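As written, the chain order gives the labels A, B, C and D, with residue 1 at the start of each chain.
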Amino acid sequence: MPFIPHTKEDVAEMLASIGAKTIEELFDEIPKELISDELTGVPPGLSEMEITRLMMARATQDGFYQNFIGAGAYEHHIPAAVWQITTRGEFYSSYTPYQAEASQGTLQLLYEYQSMMASLTGMDVSNASMYDGATALAEAALMAVRSHKSSRRILIPQTVHPVYRQVVRAIVSNQKIEVVELPYCTECGQILPESLANSNHEDFAALVIPQPNFFGVLEQVDALTDWAHSKNAFAIGVVNPTTLAVLTPPGEWGSKGADIAVGEGQPLGIPLSSGGPYFGFMACKNELVRQMPGRIIGRTTDLDDKEGFVLTLQAREQHIRRSKATSNICTNQGLMVTAATIFMSLVGAEGLRRVAAQSHANTLELIEQLVKIKGVERTFSGPVFHEAPLTLSQPVADVLNKLKQKGILGGYNLQGQYPELGNTLLVCATETKTESDLRNYATAMQQVLG
Amino acid sequence: MLIFEHSRPGRFNYSQSPAKPASKSAIPQNLQRKSKVLLPEVSEMDTVRHFTRLSQKNFSIDTEFYPLGSCTMKYNPRACNSLAMLPQFLSRHPLAPEDTGQGYLACMYELQEILKSVTGMAGVSLTPMAGAQGELIGVMMIRAYHESRGDFERTEIIVPDAAHGTNPATAVMCGFKVVEIATDKDGNVDLGALKAAVGPKTAGLMLTNPSTLGVFEKNVAEMSRVVHQAGGLLYYDGANLNAVLGKVKPGDMGFDVIHINLHKTFSTPHGGGGPGSAPVGVAERLLPFMPIPIVAKDGETYRWITEKDKPQSIGRLSAHMGNAGVLLRAYIYVRLLGLDGMHRISEFATLNANYLMAELRKAGFEIAYPNRRASHEFIVTLKDIKDKTGVTAMNLAKRLLDKGYHAPTTYFPLLVPECLLIEPAETESKETLDAFVTSMKEILQEIETQPDMVKGAPHAMPVRKLDDVKAAREPDLAWKQGA
Amino acid sequence: MPFIPHTKEDVAEMLASIGAKTIEELFDEIPKELISDELTGVPPGLSEMEITRLMMARATQDGFYQNFIGAGAYEHHIPAAVWQITTRGEFYSSYTPYQAEASQGTLQLLYEYQSMMASLTGMDVSNASMYDGATALAEAALMAVRSHKSSRRILIPQTVHPVYRQVVRAIVSNQKIEVVELPYCTECGQILPESLANSNHEDFAALVIPQPNFFGVLEQVDALTDWAHSKNAFAIGVVNPTTLAVLTPPGEWGSKGADIAVGEGQPLGIPLSSGGPYFGFMACKNELVRQMPGRIIGRTTDLDDKEGFVLTLQAREQHIRRSKATSNICTNQGLMVTAATIFMSLVGAEGLRRVAAQSHANTLELIEQLVKIKGVERTFSGPVFHEAPLTLSQPVADVLNKLKQKGILGGYNLQGQYPELGNTLLVCATETKTESDLRNYATAMQQVLG
Amino acid sequence: MLIFEHSRPGRFNYSQSPAKPASKSAIPQNLQRKSKVLLPEVSEMDTVRHFTRLSQKNFSIDTEFYPLGSCTMKYNPRACNSLAMLPQFLSRHPLAPEDTGQGYLACMYELQEILKSVTGMAGVSLTPMAGAQGELIGVMMIRAYHESRGDFERTEIIVPDAAHGTNPATAVMCGFKVVEIATDKDGNVDLGALKAAVGPKTAGLMLTNPSTLGVFEKNVAEMSRVVHQAGGLLYYDGANLNAVLGKVKPGDMGFDVIHINLHKTFSTPHGGGGPGSAPVGVAERLLPFMPIPIVAKDGETYRWITEKDKPQSIGRLSAHMGNAGVLLRAYIYVRLLGLDGMHRISEFATLNANYLMAELRKAGFEIAYPNRRASHEFIVTLKDIKDKTGVTAMNLAKRLLDKGYHAPTTYFPLLVPECLLIEPAETESKETLDAFVTSMKEILQEIETQPDMVKGAPHAMPVRKLDDVKAAREPDLAWKQGA
């Protein structure tokens, strides 16, 4: 019986204390007709040695590739210290810090995380994390509608991650909130502020502004933010945290700054891991904090006036307010945030800036090499960060397949989500790529298209 | 001391970022950041030291008994961690082609199949990233089902008063009105109240079974009949599945949709508050509405099911595949347990709970539902003690910390006054339970002889009792330079 | 400057406090002519990302093989918990526990280790570990000579690991101790007690008795021990700790038990790791404890009479006794012992017994399958544990080479160390091998020899 | 509580060993064990909990400042651990063919080359498993050298009185007589005493430089001349190499043989007392005697040098390749540091030591060699304080534990009374040093105002002062059942 410590003698003594003859008897309040037959479909147990072998075989089967896919999840170097500390039992196997005095480790760390994210986004406050970037955006939309009170409409550009848009739609439509998608300029790959100014959008609660956008292109965030504010709507920034070491943070966009900033925290020390667990982040202006969903940690004092940390502003939450809560959320992504906090501490602002700058430079270099190849062209004229779409002379799926044979995952195929763009491939080269990696990719592309 | 207080301008870990300045840049001047980013500037060693020492200020399963009711704090096998973190799994991009992830997809597919088998459901989707998201997705499917039948009048979700707060909050997030029904004196849902509540507006009933009161809803079959007859669907909150795994399948109890907290029953780590993971299971008639992605097996090949396969799907609820690494851990855990292990979870969780309940009763504690079996948890109420001595459930909880035990859940469920919800989980040994009882007896003694000392607890933690009121009234939510 | 936290301001302030102008000045007591020119031959520093990539490439280059080599280092399953706990910073980065009150973690663990090893070997006491099995045997020989007083001769059978014999010789010859090698029976692969009884060995301090011996063959330990004692010599057992869950421990050999037990601790939770770090263990009878080298931990009490642990019997050691110490050893293999202690706690006696029994059974099964192949024969008639020599019809080196092409490391070639045995291969199949692994090996061998 | 006290007969971790009973056995009855093996019978969770909690009772570099003189307690980069534990490295059998280990051998070869370069020696062997074994091997080579020249009369090794105890103990293990020479008032070896000691019996001199007194032997060139002229060889104990790395090469100082403590200068973990690793380096004339194995590079292929290549080798001193995984960690560390990093180790270690010495002097502590530069360490003596107050160096050391600092080395070197040997290492920040000085000042205050409290320290550790005398007089070295 794996993981069950009971000896025969233990069981006998325990049943005697209870006054039961068998363990079966402890289930005697369950109606007999409901008791299951033997389970089927569950294989016999494996020893740890056997499962180790199985999992190593499956991992080996999946192998390693040179990865040039971004599209919302980014490969970055993760210092070894990050996960060695994060998986310490005291972080790994503790629960939500309900008993503050016995959870100061997690609580102080979350407070430090909130401080870092507030600074990175240029906002006043951050919560202790959300499930992922997509749901964080959905919650931001709900939060904007709750705060706005008069409109139940959200504007989302098509330059926002297509799956984020799907997730937002799935979640907010339950509350009869309307999602309006804004088209982008197919020449520059951005939302054009001037086109919005000429549009008839008036009654909406918030405008979502991606930076960089899904194409890797930089949006004109100042003008977009000011336009939203001019319509009495909130501006919600969806940002990549790595880039904020270099780019103007949402809190400083336009004349007043965006009101809410959200995004995917994965680039901050979280491995790609087939898609999760990642974490979403959410930060906002002070005025909105009591509408913010999720855990929030506050600094306070103990009976001796010594500094300590607690879960706070719980009156927003479901376990107190039940059907009147701001959200049903109760778990955050604590362990991921633990890793991200250690990551941000290890690299610091200068380290993060270098990671961002090198990723940007590598992407520029890669594109420069690729567009020299006949059959490869820049899709858009707008400035890019560490990702860019390229228009190919052949169907993207075929090209990707051939690159894969050479051990290269060449990027994300935009044809599925943006059929209007034709044979378009989204490539990304972070700081993990060396000069020779970039050359190899260009050579491989040359061979595939040649 | 905060990490920021270790920071010095110009300190930098050269090993941890690109050594050379980047050679190219094309970022428009007006988009470049001008303000300073206040990340700490701390050496690698001081960072390691800071967070290692912080970790030591936590209670955890790996260091303390953690009988936190409703949370199923069981041992998280270390192999689940190391195998889910094999480098190939970690480095795999979520959008990498399916044929470069057959090993990973095989694990996901098999996990789906095993979860279907143990819950008796027709389909499982692994995408929900937490219990509350599992609920959201489940209730969304209930809505989608009714609407697909052209039935737009069902605006109410029925929830027992003992339910987790997430149940009513979820119903509201899905646009429903919440109808709360009462609990009878034995801890069952009041069947009369349920019958009175159902009707043409009933979209569904959300039920936790065994309930948060630690007892099995004896009338679940009848409740199912009542709700279904009214045209509603039954939602199973899997928070307490650990108590009946291998004994009763939610599908057999008549539930149409369920969520399964992998971070409870399937022992994925709680991680200081997540990531969780809560796959949803559905009965036959809800299959078309399941959230994507789901893993399908075609011959010997695994692939993602997408919008094309499931046009009626409620859609996507996460950017990729939920908390993929958590799912891997759960998969490894179920393979380690196997068929026999599955059965034994509920048996020994129930044995531990009933033994602890018996021993605490003998020690003089008042059991909230003394005539019921405990499921995998049970409730002690300190109402009498508080009336006599002023010592509250919270005081006792804090005093337990001093004795080296995490406190049970306090003040939940809300309908039992001064309650402690105690869940020992199957991985704890009899000696640990006995030592806990001994400490509880000591505290009972202390309540009599030195009640003020107990009210001032904790005394042996890194901090004394913290001021929650101040925290909420004068929110200090982020460190600011110079502040 | 990796790992150095000093900012420019720090350096300036520190130099001011010292009263020096430059860091260079702090080296002014070193004669100028000794100061080095620039170093050469040291490559420029790599970032952690770069070294990670380099090491992963080198690891990948070395690959994975199905391993059937034993010969002193054994592949066993190691529970994941072992190294996750062992590499916790508090164990990994602490020093020898000189400050007992601040080192109770390490000290208690070592006391538990000593207790486990004493029981496993059937001896009274164990030290806190030695460098490895080979040096532990050398130290046992020195200890025996110190204790014996009248003889400076050690008898070592040729069935002892050949490298152990080399190491013993290298170390003890410094002290003018003579090593006499005893031949084995080439029919049974054992030392024959009757041949010893008829020999003229009289004046010796100790007889070394391996169990199982280097061939994997079980020696007649009772008779050998009694014979040594009958000559007033000490009996030193060299044992594999895994096998002691099943085999009579040295402390119970013959009528009085062996006097010293040593061996390689690697099978107790230590990965093969290209040869190290492993650890040697050493246990002995109470009478010999003050002659034992290495750290020893004792249980004692504090000022409040509370139990605690300290380094003890330090009067044997070099830091106190200097030139009169029992050995120059000061370090043990603390981290390895940490792992071994956790390993033994996790598997327990029954688990270790199952590992041993399954390894034994797998080896029997493998041999059974292999000897069915034409050109493969058992070399010896003696009973084996989890390793056995096989005589092949072709040169072993060729056979091993061909097996390697099939991903199989087929065993250890005995021809180098035991040329008298001809084409002999030492094979080992621990519990890590499945039925299908054994079949695959047999099939491959069939193909190679066929 | 000992792990044995958690044990219950019959408790067993089913995941951790073969599930089925073995199918075959052929072990003769008379060789089968009859007695019980007293390994603990404890659940996996309770094992994890026990050892996790034990670990928290340790001070360590990852949690505390650890200024332990002569031990070079610097940060152990976490990447060195994780990369040395890549699964392919871990699973590689030491006797696997060389062509299946070219990646590993390349690392070893490059490490040899880098160590040669930074020490100025002609050859390096990586096999020694600890400093003391490095010494043994070094002195064995000195013996082999003399004997190879037919010189069997050199029976003496000269050792300064300030040397580590391993030096004389090693000389004796190699069959030499030890001649101890004195230290002068400035902390240098007494050159006159050395000249008087050398002669035809001199096999060699063992020297640590900078010495254990924390100062550089100014006369090392002259000492080298004296010993060499007498026909002896010079041994460099690399314990303090960290203080001069990149500044002075032992080869340039005239040393013939050296050992390098990787667990000091090259930051491999101390692991609670090992594994260490101490490669030996030799000058040209000792190359033939080096211990095997050594890694050679033939073209692009790496291979082991064996007895065939080096017939005069002193032989093998470990079953395989010494502490291979420790060597990997050192290799990774030197690649992370690179050329610049190498230089900076000694610069900043020396800066930290001299700063701390200056600050402690200002704080009122007596420095043993006040007119000398500190190397990477220095000595404070409490002789006056002990004479006046009865408070000893050990008392102060224990009180430091209460303040959250590991104590410096006490009572070594033996020739300075009531000494504390303090080595801060280059990875500590100025703030940490300043905080340490503050604590030292507090203790100075406490010694004046509450000397008995200081004598009774520690007060904040898991145990109070332990009874060493009892431990040695009534040895309790192993738990026995029922005892």
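The working rule: contacts are C-beta pairs under 8 Å (C-beta built on N, C-alpha and C of every residue); 3 or more make two chains touch, one makes a residue touch a chain.
Quantities reported herein were computed from a predicted structural model and do not represent experimental measurements.
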Could you let me know which interface, C-D or A-D, is made of more C-beta pairs in contact?
-> C-D
When the C-alpha atoms of chain A and chain D are each averaged to a single point, how far apart are the two points in Å?
-> 46
Centre distance in Å when chain A and chain C are each reduced to the mean of their C-alpha atoms = 48
Chain C and chain D, separation of their C-alpha mean positions in angstrom = 20
Touching two or more other chains in chain C are residues 1-6, 10, 45, 47-49, 52, 56, 60, 64, 77, 79-81, 84-85, 87-90, 431
Scan chain D for residues touching two or more other chains and write them down.
-> 8, 11, 13, 15-18, 42-46, 48, 52, 56, 61-64, 75, 77-79, 81, 83, 87, 336, 427-429
With chains as vertices joined when they touch, what's the shape: line, ring, star, complete or other?
-> complete
What does chain B use to touch chain C in their complex?
-> 8-11, 13-19, 42-46, 48, 52, 77-79, 81-83, 87
Given the complex with chain B, which residues does chain C contribute to the contact?
-> 1-10, 45, 47-49, 56, 79-81, 84-85, 89-90
Which part of chain C faces chain A closely enough to touch in the complex?
-> 47-49, 52, 60, 64, 77, 79-80, 84, 87-88, 431-432
Show which residues of chain B lie in contact with chain D when the two form their complex.
-> 6, 8, 11, 15, 43-46, 48-49, 52-53, 56, 61-64, 75, 77-79, 336, 427-429, 431-432
